[in-house]
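Heads up, the next two complexes both have subunit A, just with different partners, subunit B and then subunit C.
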Partner chain A sequence: MSLTATQENIRPPKPRPSLVVPIGLVAFLAISWVATSEQFGIGLDPGKILEDIANGVGILGDLLRPNWAFLPKTVEPMLETFRMAVLASAIGCSIALPVAFLASRVTAPNLLTYVADRSVLSVVRAIPDFLYALIFVSAVGIGPLPGIAALILFNIGVVAKLQSETVDGIDVGPIEASRAAGGNRLQTVRWAVLPQVLPNYVAYSLYTFELNIRASTVLGIVGAGGIGRILLREYKFFNFSNVSVIVVELFVFVFVIELISITLRRRLV
Partner chain B sequence: MIRFENASITYPGGVQALKNLTLEIPDGQLMIIVGLSGAGKSTLIRAINGLVPPTQGDVIVDGVSVRKASTKQLRQLRSRIGMIFQTFNLVKRTTVLNNVLMGRLHNTGTFRSLVGWYKPKDVEIAMRALERVGIVEKAYVRASNLSGGQAQRVGIARALAQDPGIILADEPVASLDPPTGHLVMRDLQRINRELGITTVVNLHFLDLAKVYGERIVGLRAGELVYDGTGAEANEDVFRDIYGRSLTADDVLGEATAPAAVAL
Partner chain C sequence: MTAAAATARPTRPSRAKRNASLLALGVLLVWALVTLQFDPAKIVELPGGMGHVFYLMYLQSGPDWSYLPNALRAMLESLEMAWIGTVIGAVISLPLGFFGAKNVSSGLVSNAMRQVLNGIRAFPELVLAVVIFIPIAGLGPVAGALALGLHSVGTLGKLTAEVVEGIDGGPVEAARATGARALQVQRWGVLPQVMPEIVAFWLYRFEINIRASAVLGVVGAGGIGFLVQQTIVFNRFRLTGTALIVVIGITILVDTVSGWLRRRIIQGSGARVQGEFIEQPELVEAV
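Entry: the complex of A and B
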């Protein structure tokens, strides 16, 4: 028996290959070339890197010899960075979760909420954390508080975007089941959607925590507290052996967070 | 009682899934809807709990108009109607018990349900529902670890936990192997008989429809083309519903049913 008894069983002609990829590739190469050229772009000259590399060797030598005697002096600012990151991640990620549900077509109550939320989120993301820190420092003065405020906004932007896109991709069957059982919108989000996206949420939150630890080095430069202030000072005095200690500490931090992230995700998935 | 009054459903894309349907399903009946894919079976079932409300005419369920019901009334109506799905629609990343407790959401305040603080009475109802389908030992197992047959029984338990007056089953055995399909159909039959729950089931396996259908309704292109008992429905009737001759694909086979009847 033919499955398509009513249709003629003829092979269709092969569709023409899409030109999007080759055209995109050519455009990308052309733009890259223009951007690196001397007249229009940044004037990238690979030879110059090789010429100047000798200057870097001395710094590299210092970086490879961390001055461990400096370690005790980094403990207090490092703890401040840690506390800033914990607080900013906790607050930012908590706010990001409901914001993410409103920014997904699957869970947003209506189109207006969805569009409004997504627009606000793109603005929040478009402003760099550095600029947030500058604004908050000028508003509330030097210290960890403007740093935390800047990181919170940064975290909301990142987590809400990633999380809302994860929600977009879930299995909608359980949502129908919850609605059919008489569950209201919040109950449906809690029991049909949240269990499906929780592992991703934990991973995104830990990732932003890691980003916060690193971002605090930048924030310190504008006076927003943390290890960044010490890092900048040592860098200015060319104490690269001291800078090295801080870099190693940051590396250990990020590595430990990664380990925790892997363990937690394995438990939750 | 469920009453379709000249109900038509046209989807936003312009597809008319249900045409001028008039149908009455008395309390306690086990009714089976048969028809080809796209005949409007799923739409008919979803019209009863308002997941797809009628665009013309009306569906009256226990005196409530599905078309005119407010959001709140619709939720109240749905709380009395359990639903079972072809692909089970369980939340795989949580426990079986949490899935069944979804059937108690209508009786749980929003705050309580957000923190998962179900009343002990509701947990008891969920456990009883799992006992009734013989799968209570899996209560704390993650739903992702269930076989297809087990998952569908959890789906039935979730519907039962609502303490419903009506159960809707949308192709409940289409994702299952034949023996398991019969087990699930027998569960539904038992629930219908023991608890007196009105049960509406979509099937495309004609032998199953004949064995379990107290009443069979045939749909073709959104129109009612047959309404009679399972005993009356013979091969000619099914051929008329399908608009073509029958094939081996139209029966589930594997006659493990108590009273399997060849077509």
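Entry: the complex of A and C
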């Protein structure tokens, strides 16, 4: 075996240029062009936006001067948001647990339940929270109740999806052991599956609680109770100094809840 | 050892902590329920009310298919809003994410950048639209797209920084060893490693922005949200029914296509797959 010098230094053949990246780029540019165009899209003109920035300056000035005297009036709506989030998370996450077990290949009793549950879940998840709120408000009138109902559905969608995927990925050893010991389906889920997925479940529940607080602005705006209600009111009356108070308050509130929730989740998982 | 001692059960681990947390949770729940001011009678009304709304939407005379073109056009506007918001977020967040990564920029710069990104992220799109972009750009989808864009900068920037921090140092060293300048190191040592995951995050953000863009319609940023709200305000529930079908159908369609693309991108890249992200991007985003 004698390789010549040229053969030793020969480069490996270049891989054939892939068409995926250029096709992706062209598609990306085409969609972006259509979406920004005046005729087919929303008509985004960067030049005009730069000109219009001046319109916002007065309001931004008000925003930077929060009217702290307004703060006491925001406490009660903020508490309402908190209560709604607590109740909706508790109810939604409780319902989501059995729903998740029925939506996992590992624990679903039969294919039909599995497919049906999955399809219902994807429909539930496709409707944004505020659309639920709008519909519930039109069904029973304004107040916190339609807001809670909307959040419950939203929570079921999120937790059941995440949880069912966690159940899909568990260690099947304990399940076999439980079956071998004569456990029925419910006992298997209780003693072989649940202990494995419980920490994740609590983490998901805390996560949805955070989402619920964030969603409160939206809910209030469609009449489903909470801090969003007064946010919209102050905005409509152009009281931007008051709006600023609510925004800052919400910012701090979400930040604190997130901090607590992250700490708890780290300790659990 | 006697037989009795050998078969004795181990002592049960303490449950004090668990019981205390459950108790605290119970107290919180009762407090929320008792202090929440609402009319209990409405709970009973809720199922009936929903049934009635459903009846008006679909059963009384079926959804109004002649409204389909209008609903589709509004949904297209929402999709475009979401797309532009995502593009703005992606383009701006990519360099910011590199500055936010400890291993690429210095400790001080990355910390400062992370704080900026967290600050942006904390404001919901809706608040951004109402207090900043509607005053600037006026009512309409442009304000919505800009609000989505700014919020996306926060979330995508944070994710980009995290992905960049998780890279393999080998290619970076190799690029340096061949005499590459700082920018070249990023281009050839870092970017190829992180791009698949970042593009997947962009797609996922697009899915989220579609949902968010519907919300923005309620405050006057156009799209399907505005349409649905109008039909409800004017008691045209048949039209609401049609619009809902469009929302559900298009959302599931886009989610399916985008999810498939994300999986292809991550798996096809052959990179170290961060398995959790593929199935549960929500959590990666949350933590």
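The criterion applied here is as follows: the second predicted complex is superposed on the first by the 241 of 269 C-alpha atoms of A that agree within 3 Å, B and C clash if a C-alpha of one lies under 4 Å from a C-alpha of the other, contacts with A are read in each partner's own complex, and residues count from 1 in each chain.
The working rule: contacts are C-beta pairs under 8 Å (C-beta built on N, C-alpha and C of every residue); 3 or more make two chains touch, one makes a residue touch a chain.
In this text, all values refer to a predicted model and were calculated from it rather than measured experimentally.
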item	value
First, second, both or neither for A:214, with subunit B first and subunit C second	second
Which superposed partner A:176 touches (first subunit B, second subunit C, both, neither)	first
Which of subunit B and subunit C A:98 touches, first, second, both or neither	neither
First (subunit B), second (subunit C), both or neither touched by A:127	second
Subunit C versus subunit B, contacts on subunit A by residue	C
Those residues of subunit A which subunit B touches in one complex and subunit C touches in the other	none
Subunit A residues touching subunit C - in the complex, by the definition given at the top	31-32, 34-36, 41-44, 49, 52-53, 55-56, 59-60, 63, 79-80, 82-84, 86-87, 90, 122-123, 126-131, 134-136, 138-141, 143-146, 149, 158, 162, 165, 203-204, 207, 210, 214, 217-218, 221-222, 231-232, 235, 240, 243-244, 247, 250-251, 254-255, 262, 265
Sites on subunit A touched by subunit B in the complex	1, 171, 173-174, 176-184, 186-187, 190-192, 195-196, 198-199, 268-269
Residue ranges of subunit C touching subunit A (in the complex, touch as defined)	25, 28-29, 31-33, 35-39, 42-43, 45-46, 49-50, 52-53, 77, 79-81, 83-84, 87, 122-124, 126-127, 130-132, 135-138, 140-142, 145-146, 211-212, 214-215, 218-219, 222, 225, 228-229, 232, 237, 240, 244, 247-248, 251-252, 255, 279-280, 282-283, 286-287
Residues of subunit B that touch subunit A when the two form their complex	49, 51, 75-83, 85, 87-94, 98, 101-103, 105-106, 108, 110, 113-114, 116, 155, 158-159, 162, 168, 247
